[in-house]
Amino acid sequence: MTRALAVVIFAALAAAPALLDVGGLALLTEMLVLLAIAQSWNLLAGYGGLLSLGHHAFVAAGAYLLFAVTRDLPVSPYIMVPLAGAGAALLALALTPVLFRLREVYFAIGMWVAAEIVKIAVSRLDYFGASSGLPLYAARRIDTSWLPASAHWFALALAAGLCLGLWRLQQSPYGLHVHAMRDDETAARSLGVKTRRIKGTIFVLSAAGCGMAGAISFLGTLYVSPVAAFDINWTVNAIFICVIGGLGTIRGPVLGALLFVLLREGLAAYPGWSQIALGVIAVAVMLMAPRGLSGLLDRLLPNTRRAV
Amino acid sequence: MLDARNLSKAFGGLRVIEDVSVTVEPGSCLGIMGANGAGKSTFFDLLTDVTRADGGSVRVAGRDVTGFDTAGRVRAGLARAFQVPRAFASLSVSDTLYLAQHASHGIAPKDARARVEEILEITGLGPHRTSPGTALRLLDRKRLELAKALASDPKVILLDEVSGGLTDQETAEMVALVKRLKEAGFAVLWIEHIAHALQEASDRIMMLALGRKLIEDRPEVVAADPQVRALYLGAAA
Amino acid sequence: MTLLQMQKLTARHGDFQALFGIDAHVGKGETVALIGANGAGKTTLLRAIAGLGTREAGQLTFAGQDILAQDPGALARRGIAMVPEGRRLFPSLTVAENLMIGGDVGRRGHWTLPRVLELFSEIAPMAQRPAGLLSGGQQQMVAIGRALMTNPELLLVDEASLGLAPVIVDRVYEALSGLKARGTTIVLVEQDIRRALAASDRFYCMLGGQVSLAGASDGACIEQVSQAYFGENQ
Amino acid sequence: MNAAIEILMNGLFLGGLYALFGLGLSLIFGVMRIANIAHGELAIAGALALFTLSADWPVSPLLLMPLVCAGAFAFGWLLQAQLLNRVLSPDPMPALLVTFGLSVVMQNAMVGLYGANSRSIDLGAVKTANLTIAGQTIGWLPLGIFLLSLALFGGLHLVLRKTRLGRAVRATSDDAETVALFAIRRRRIFAVAMAVSAACAALAGMLLASRSSITPFSGAERLLIAFEVIVIGGLGSIWASYLGGIALALVHVAGFYFDPASGLLYGHLLLLVFLLIRPQGLAGKAVTR
């Protein structure tokens, strides 16, 4: 039942470039990118118990890698999308020796500081176009009329892939490792769960997801700049989507992303108000219903709890 | 099977474990006694690297595991049942045991499910297989602690007051269980307050006082030791 | 005169039930010992009297008034003081400041900072040192002194001998018997049966969250007590 | 040589301000083990509130500062009593997320009310007045701010060390459970700590805005400064924050002198260095484990 529904939704989304106008497609693509970033953040916070305030660094890393490498090498930007994810993962790996000494609040803000350092470094290096950024030089090599559609498909594949990956994780024995670690780290270690390695792996994978999402998002805009790529709102929105939807669940961020886009478009005439509304909702969720929309859904439809 | 040498630990200036060594053979049980605060649980923490020792070495089945972390030591065959039961809120009892099988081997052995069933049977947790571990009664949570340890397929089992707060009959069951563990060839270390239970099940008893080994000998020798009687039943003994 | 009265008191420790219908009383000026094995519920009972943890049902009265629903702060102001297990001093505060925290509860009476430092003369020279740097025995004296500074009518002492060398324990119990002589009502939890019996007028032995034996400490037969303690069927 | 003295002096003056700012964060972290992500926004809100007040009332902004601090104090109290005390748990994530949500709400509300333009608080003649000591020209304003921060630290030190309230705050910071036995209500102590922290943030925010300019978006930058102050200084005593503030400010001032485009880069790098080689900070307890 759930599976059939998922297949239908996926097919409908895949057909979107043929069905929607330019603006509609762009909005849908953006929602999928946001979902991908939120799901990556969710992997780290909801499953790994590590709250990051600096995931925009990985979004930017992916975007910049795509733009810089395709400028210098005759690589298709499409092939660079997964490689950009790998690059962001490498950045995460390089950060672990310092960041994994920090816990809780300090990890959260430490990650933010790391993002600031990367941002300042990128905006000072001519290789990355310094503070003015880079255009997508490789756009000459591809048929740009297909760009919105292919960006959409990439975003769909990434978001769906992350949801599927999380689902597979929950089904596999490693899901037990992760859940046990989140419930009681010492007890998990005492059963032989390698908590440090799991956290490291989750961190790197979550960075890879954000890196690919960043590459896809900026592929569509044909231009990358430090201000846009290192915008902390990438992280802020991911947090709101996860918190409102329900941390540590698969469908939570999906519901959250939907609500996020609806709210933003609904309040488009009043700039700033959607962020205020999201902030207020997120705070209310933390105070009154910490399991978010997903938890509310559980209460309304108790028999679906085990499904996703 | 277990060979720990000169373990020491100090917190700040306070020495909580000082130069304690133990050797436990397969199929035997070392009982550990001592007042609250004598360092019994800390000693287990050092053996399992839940707390890193300041000095000393640990060997399990001839293999030096001193540099290993907790997970590594579990994989080398050292399993522990905690004094205060530590169950997982989001894992059912049988999932918890399956996890123990999976994690301790690095991958689940072929017969993991069958082994989980077997352990559910042995520990009497069968009826609770689908409930989360945190939803169980105290006695069942203590059983789950033991079941978790067994499901790690260990060579050495550390039991930390698994019978604290239990009735006579439950304590007698624990004694019988420890005896079965010995017969099955495990090396058992058992921290227990209930002296007669410990005397019945142990081959040797170690008495800890203020982080130091006061005496280690056969149960009847330890029971007759005036120092032990003085510490255990009171200064006037 | 009965100072503290418990009837069918039940309480939880975390999420499991730890006390199952306790009936007990403490008279004014008495010293009552709670003995029993680990996990028998002694500490939970002591904490319940002090207002810590969840007391569920039954009766708990202090000086004739119902205190079942009162929080520890209100009970401290009414005259119930506790020396918690593990001493729980404030390590970064000096010894004098730890004692003053007790004084800040606001009950005036015999005990003042100079008098407490006089009682425990061995900690007086360390009054200006952080309490976290003291030895276990010295910390225990500060913990008792801190409770005394609230000028309590009822002093609850949890495992005063925990982790201390026998000489130090002697010193702590000597101080407690001095307090008894001054008329302080004391309830103490102690693992060491003989010491508990020697220091108390009456005792309650607990097993599995219930009282398994009660009586006068003086004539108590150690065999009978240890049977109640361990739950042996011999 | 002159440059060195100038850097040293400016670093010292700015450091007092950074310290005040870090103090707010370290106080609440010390007492209740949570961080306030909205700490920077509180500072900006303080400065903007002063801006509004001084537009309406024709008195020196300096005289209005205590009023804004009182407002921030009340705000901090309400924030703790009404919101954060409800999410207290050993898990720091809920409190962190609540303050995070608050910071976004505050930032956007301020953009809505004040626009995105940068502005600074005009203190009039005070801003340019200076005096000359041994050939060095020293502005009255930075010197005054430095002395004020020193006085505030001294005052807070006395309150924490010598008063009953201060004793209760420190005891709660040591062991928030045991204080209940001594009729200390930890929730009330938490509210006091948050109120003082918010007042510190607002004051530091106003003073910073009178030295340089701010926008409603500057909160994030301010939060990172406060965070770096407490990591570099270390936790444990309020003077650790003081040391941390001065060290960070020296690095910022020197960085700006030699590499004007660097922004806060060298401060961030200093943080990394401390995390790697001296996690306990200059003077105090480690914030890492």
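Letters A, B, C and D mark the chains in the order given here, with residues in each chain numbered from 1 onward.
Everything below uses one rule, namely that a residue touches a chain if its C-beta (ideal position, glycine included) is under 8 Å from a C-beta of that chain, and two chains touch if they have at least 3 such contacts.
Since the model is a prediction, treat every value here as computed from it, not as a measurement.
Enquirer: Which chains are in contact with both chain B and chain C?
Expert: Joint contacts: the list comes back empty.
Enquirer: Give the chains in contact with both chain A and chain B, ordered by label.
Expert: The common neighbours do not exist; no chain touches both.
Enquirer: Counting C-beta pairs in contact, which two chains come out on top?
Expert: A-D
Enquirer: Sort the other chains by how far their Cα centres are from that of chain B and give me the top one.
Expert: Result for the farthest chain: D.
Enquirer: Could you put a whole-Å number on the gap between the CA centroids of chain C and chain D?
Expert: Chain C and chain D have C-alpha centres separated by 43 Å.
Enquirer: Measure off the straight-line distance from the CA centroid of chain A to the CA centroid of chain D, and report it in whole Å.
Expert: Comparing mean C-alpha positions, chain D is 32 Å from chain A.
Enquirer: How many angstrom between the C-alpha centroids of chain D and chain B?
Expert: 49
Enquirer: Whole-Å distance, chain A centre to chain C centre, using C-alpha means?
Expert: Chain A and chain C have C-alpha centres separated by 55 Å.
Enquirer: Name the touching chain pairs, please: which are they?
Expert: The complete list of chain pairs in contact reads A-B, A-D, B-C, C-D.
Enquirer: What residues on chain A touch chain D, complex-wise?
Expert: These residues of chain A touch chain D: 45, 49, 51, 53, 98, 101-106, 108-110, 112-113, 116-117, 120-121, 124, 232, 236, 239-240, 243, 272-273, 275-276, 278-280, 282-283, 286-287, 290.
Enquirer: Sort out for me which residues of chain A touch chain B in the complex.
Expert: 173, 176-177, 179-180, 182-184, 186-196
Enquirer: For a test of understanding, state which residues of chain B touch chain A in their complex under the given definition.
Expert: Touch residues, chain B against chain A: 48, 50, 69-71, 74-75, 79-80, 82, 86-91, 95-96, 98-100, 102-104, 108, 148, 151-152.
Enquirer: Residues of chain C touching chain B in their complex?
Expert: Residues in contact with chain B: 15-16, 37-40, 132-133, 136, 159, 161-163, 165-166, 169-170, 191-198, 208-209, 222, 226, 230-233.
Enquirer: Along chain D, where are the residues that touch chain C in the complex?
Expert: Against chain C, the touching part of chain D is residues 164, 167-168, 170-171, 173-175, 177-185, 236.
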